[in-house]
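Below is one structure, written out as C-alpha cells; the observations come after it.
The first chain written gets the first letter, and so on, giving A, B, C and D; residue counts start at 1 in each chain.
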Amino acid sequence: MTTLIELVSASYRYPDGTPGLDDCHLRLRAGSRNALLGANGAGKTTLMQHLNGLLRPTSGHLHWQGHPVAYDRAGLRALRQQVGLVFQNPDRQLFSAHVEEDVSFGPLNLGLGEHDVRTRVAAALDAVGMRAHARSPVHHLSFGQKKRVCLAGVLAMQPQLLVLDEPMAGLDAPMQRDLQQLLDDLVARHGVTVLISTHDAAFAADWADELHLMVAGRCRLSESADRLMAQPQAWLDAGQSPPEVIAVHQELVRRGVLPATPVPRSMPRLLDQLRNGLTPQPQAQPHPHIHPHPHERPCHDAA
Amino acid sequence: MTTLIELVSASYRYPDGTPGLDDCHLRLRAGSRNALLGANGAGKTTLMQHLNGLLRPTSGHLHWQGHPVAYDRAGLRALRQQVGLVFQNPDRQLFSAHVEEDVSFGPLNLGLGEHDVRTRVAAALDAVGMRAHARSPVHHLSFGQKKRVCLAGVLAMQPQLLVLDEPMAGLDAPMQRDLQQLLDDLVARHGVTVLISTHDAAFAADWADELHLMVAGRCRLSESADRLMAQPQAWLDAGQSPPEVIAVHQELVRRGVLPATPVPRSMPRLLDQLRNGLTPQPQAQPHPHIHPHPHERPCHDAA
Amino acid sequence: MHIMEGFLPFTHALAWTAASAPFLAWGLHSVSRTLRSHPEQRMLLGVSAAFAFLLSALKLPSVTGSCSHPTGVGLGALLFGPAAMVPVGFVVLLFQALLLAHGGLTTLGANVFSMAIVGPFVAYGVFRLGCALGLTRSMAVFLAACLGDLSTYVTTSVQLALAFPDPVGGVLLSFEKFGGIFAFTQVPLAITEGLLTVLVVNAMAQF
Amino acid sequence: MIIERLAYASPWRAVAPSAKAIFAGGAMAAAWLAPSPWMAAGLAALVATVTVAGARIPLRDYLRVAMAPMGFLMLSCLTMLVTVNPSPGAPTWRLATEMLPQVLMIATRAMALCAALLWLVLTTPLGDLLALLRRLRCPAVLADLMAVTYRMQSVLGDAWSDGLTAQRARLGHAGRLQSLRSTAQLISQMAVQCWMRASALQAAADARNFDGTLRFLHAAHPNGRREGAVAAAAAIGLILLAAWGRWA
C-alpha cells in the first residue's frame, strides 16, 4: 500500500509555551486502520490537529500523498476536504439546532449544490444509523447519538482519511461495537484510512492494523499489531501496559497448554485457539485484514 | 455489615418526560465498594443524583441508615453532608477561581469555623495529591487534576458515602490506578462507602465488593463480585459483556489446566493462579478485602 | 468604546460614578428580588455575564475587516431585561478593565453609564417600540442591537465632550469631533452587531 | 489573556492583594494630585518601572498590554488638538496650540493612572482581587455574580476555541461571509448552552449544600500586615511627593 499522509520531523509548541510535538514522525498507509496510543498529555490531540492542518508544525513538514502541504487558503481547503477530523467532545463540535443542519455544514462549505448536499447528508446519516433523527434538535440527543452525528458531519465531506480523537470514550460496549463495525466498513468498502486515538491498549491491539505509540510529543514506535504482540517490552518502554492477552498467552505456552504460536491479538482469539485445540491463526482471525507491510520500521528509534 | 442507604421502589421521570428510574431498588452496605454498571441511558446518573437528594423520586423512598429521608431543608442538608456526589465533568461543577477556594465551599456551607475549614481543605487536598496546587487557578489545571479537585471538594465534607459518576472516564492508566488506590484507602481507613458508575466491566469485577447492574432505569441485579463471576449469563441478561476472564477461566478448567476453583476476579489473578500452580485464592488475592455478605439477594429479581 | 483609565477629570469621573451608582443599586435590588423566587437565575446570570465578557474579548469578523468588540448589550437586554443588565454590564466592564486593560477603574462609572445603562435601555426600548409598530422580529432585533450600540457610542462622545470642550466651538464642536473620529470604527461595528444579533436570535429561536 | 498569564507568573503574586491595592490606590491618588505634566510623567515612569523591574514583567509584554489604552489616548489627544478657525463662512481646521499644555496634563495624568492600574492587574490575578472585594463586603449578589463569571469565562473561552477549531476543521471559516455565519451559529449554540451549564452548576452547588450564597475560604496571608504597612508607606511617599509639588 502507498503512503497516504506523512508527518516528517514535526515539532510544535503552543503559543503559551506548552510543548506539543517534538520531532515527531508518523506515516499512515492508504486503507489501513491505525491506533494512536499514549498517556494524557503525550500529544495525541496535537498530532491529530496537525494532520488536518489546524496546527502548523513550527518545524518539519506534512506530506499528503507524497506532496508537501501548502498552508495557504487553497492548500488547507484541499487538505481539510481529504482529512476529516472528529473531536472528542461532541458538545463542542455541534453548533446547529438540528441534526441535518449540522451534518450539512461541511458539504455546504465545500460549495456543493443543494441536491448534492442533501444526498450526502442522507448517506452520512444512514451510515451512522441516525437517518430517523435527521430533524431532531441536537441538544435532545444522547451522548452516543451526538457522537454519531459528529461522525456523520465529517463523513458527509467524504474524506479519504478519517481521524477520530478518543471515539470510544464514554460509549458503552454495544455502541463501541457498532462504531467499530462502521469504521471497518468504511475501510473495507470505501478504502478510507482511519486513525483513532485511544487509552485502551486491548482494543487497539485487536482492531488496528498498525499501532503508533506516543510519548512526550513524539511517536516513539509504529509497528504492526501482530508484531507488537510479540514485544511486551516495547509497550512498557512507551509507558503503556501491554494487553493482558500477551501475558496469559506466554504463561499458557510456558506451561505447554498452547504451542509457541504467535500471540493472538485479543482474548477472544486466544479462546479460539484454546477451543480449537491449538489450531493456529487462520481460522481464529475474525478480521480478514491483511497486514502486508513486513518491512516497516519504527517511525522513531526507541533507543 | 449494616445497610447504609437504600432506595426503595423509586421511580422518576424528568420534567421533559424523559424516563429516569422505574421502580428501582438499591441497597448499599456500610463500608463496601460498589460499582454501578449499565449502558448509556440506563439511568446511572439519575440514580446517583437520587442518593444525594438532588432528585426526589416521584414514587418510592430513600432510606438513610434505616430512616426515610425528609426532603425538607434540614433533611436534605443532613443527607448531603453524608452523601458526597462527584459529577462526571469537572468543568460543570467547579465554580471558584482557585483550587483552595473551591474545596472550601462545601465545608463552609456546613457552617464550620475557619480553622476547621482550613484543616479539612488541607487534608482533602493532601488525600488527592493536590496540596501543591492549593493556590493555583482552576483553569490552569489538566483534566485529571480538575477531577481530583472535584473529589477533594467532596472529601472535605467528610461524607460517609462517596458517589462518583464515571470517575475513570478520560483518565489514563496510571491516573486510574492512583484514583483506585485513593478510593481503597478511604474504604479501608475511614470506613467510607463508595459507589462508582463505570462502563468497564473488567475493572468493576476486579475492584468492587458488590456490583449493581442497571437496565432501563432499574437496578436489575445486585450481587457480590465473587458470585457474579460464576454467572456469565447474568451479565448478558443485563446487557453487559461479562469480563473476559470468566470465559478464559472456564476454558482452562474445562481443559484441566486449572482446577475447578472459583473464577478469579481479574486476569492478573488468573495469571497468579496459573503461575503458582493452581494455588487457590488466598495468596492470589492482591486485595485483602473481605466479602462477608453471603446472604445478599438481587435487589430486584431478574425474572 | 471604553474611556481609558485616568482620562476623565476627577470631578467628571466622580460625577459619572455617582450617576451610575443608583442604577446599579436598583439593578442589584431587582436581581435579588428575582433570585428569591428563581434562585437558579444566579448561576445563569453569571454564565451569561461570562459569555458577554467572552464576546467582548474576542476578535470577531466585522464588515470593515477590523477586529472589534461588540458590546452584546442588545442581546442581553432582550433576554434578561434592562434592569438585570446593569449589574451584568458592571461586572463585564470591571472584568474588561482588570483582565484586558480596556477602560479603567476611575472611568468605570462613566463606562457603566454608557454601556450598562444607556445601551441596554435604548436597545430594549427600541425593541418594544419596534414590536408595537408591527416590525418583523428580525427588523426589530436589528434596530435594537444596532441603535443600542450606537447610543453607547454617542453617550461616550457626550461624556468626552463635556469633559473636554473645544476652546473655540465648546461642547458641541467637541462632541462632533469625538463623535466623528470614533464613527469610523463604531458605525460599521454597530451594523455588524445588529446583523450578528439577528443571526444569533434567529438561530436561537430554532433551539 | 496576557494580563492574566503575567499576573499568575508574577513573583509578587503571593503578596497580600490588600497591600498591592493600597499601593495602587496611593499611586492613583498621587496621579490626581500631580501638579505638572512632568510630575505626572515621572510618576507614570516610576510606577511602570516598579512594575516591569520589580514584578519582573517582560518589557515587550508590558508594552503590548499598554498598547490598547495608549491608542485611545493618542486618538483622543489628537482630537482635542484640532479645532476650527472662528472666521465666518466655511470652517477651516487648524491646530489648537493653546490646548497643548492642557492636553499634555491630561495625557500624562492618564498615563500615570493607567500605570497604577497596570501595576495592580499585572501583579494580582483577578481571582485574588475578587477575593479582596468579598472581604471588603461587596454586596453578596455582586460577589457571587463575579465569582461565577470569572470561573465560567475561562470555561466558555475553552469551549469557544474548541468550537471554532471544529468549525475550521469543516471549512467553516474559509471565507468572510462563511465566517460571519459560522460565528453567529457558534454564538447562538453557546448562548443556548449557557442555560444547561447554569443548571449543571446549580446542581453541583446544591450537591455541596449550597444555601444561596457562594462562600469561599480566603487565602491566608501570614505577612499581610507587614506587606500592607510597606505598601502604605510607599503609597504615602508617592502622595507626599505629589502634594509637595502641588502646594510647596
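Simple rule for what comes next: a residue touches a chain if its C-beta (ideal position, glycine included) is under 8 Å from a C-beta of that chain, and two chains touch if they have at least 3 such contacts.
Not measured: the values here are computed from a predicted model.
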item	value
From chain B, the most remote chain by mean C-alpha position	C
Selected interface, A-D versus B-D, where C-beta contact pairs are more numerous	B-D
CA centroid of chain A to CA centroid of chain D, Å	45
CA centroid of chain A to CA centroid of chain B, Å	31
For chain C paired with chain D, centre-to-centre distance based on mean C-alpha positions, whole Å	18
Residue numbers of chain A (touch at least two other chains)	139
Contacts with 2+ other chains: residues of chain C	43, 46, 203, 207
Chain D residues counted as touching two or more neighbouring chains	126, 147-148, 150-152, 155, 185, 189, 192, 197, 201, 205
Graph class of chain-chain contacts, one of line, ring, star, complete, other	other
Chain pairs that touch, as defined at the top of this document	A-B, A-C, A-D, B-D, C-D
Touching residues (chain side chain B, partner chain D) in the complex	49, 52, 54, 77, 80-81, 84-85, 87, 89, 91-98, 100-102, 104-106, 108-110, 114, 117-118, 121, 135, 137-140, 153-154, 157
Sites on chain A touched by chain C in the complex	97-98, 137, 139
Chain C-facing residues of chain D, complex	1, 3-4, 28, 31-32, 65-66, 68-69, 72-73, 75-76, 78-80, 82-86, 96, 98-99, 106, 109-114, 116-118, 120-121, 126, 129, 139, 141-142, 144-153, 155-157, 160, 176, 179-181, 183-185, 187-192, 194-195, 197-199, 201-202, 205, 212
Residue numbers on chain D that touch chain B, as the complex places them	8, 14, 125-127, 130-131, 147-148, 150-152, 154-155, 158, 197, 200-201, 203-211, 214-220
Chain D residues within the chain A interface of the complex	5, 159, 162-163, 165-172, 174, 178, 182, 185-186, 189, 192-193, 196
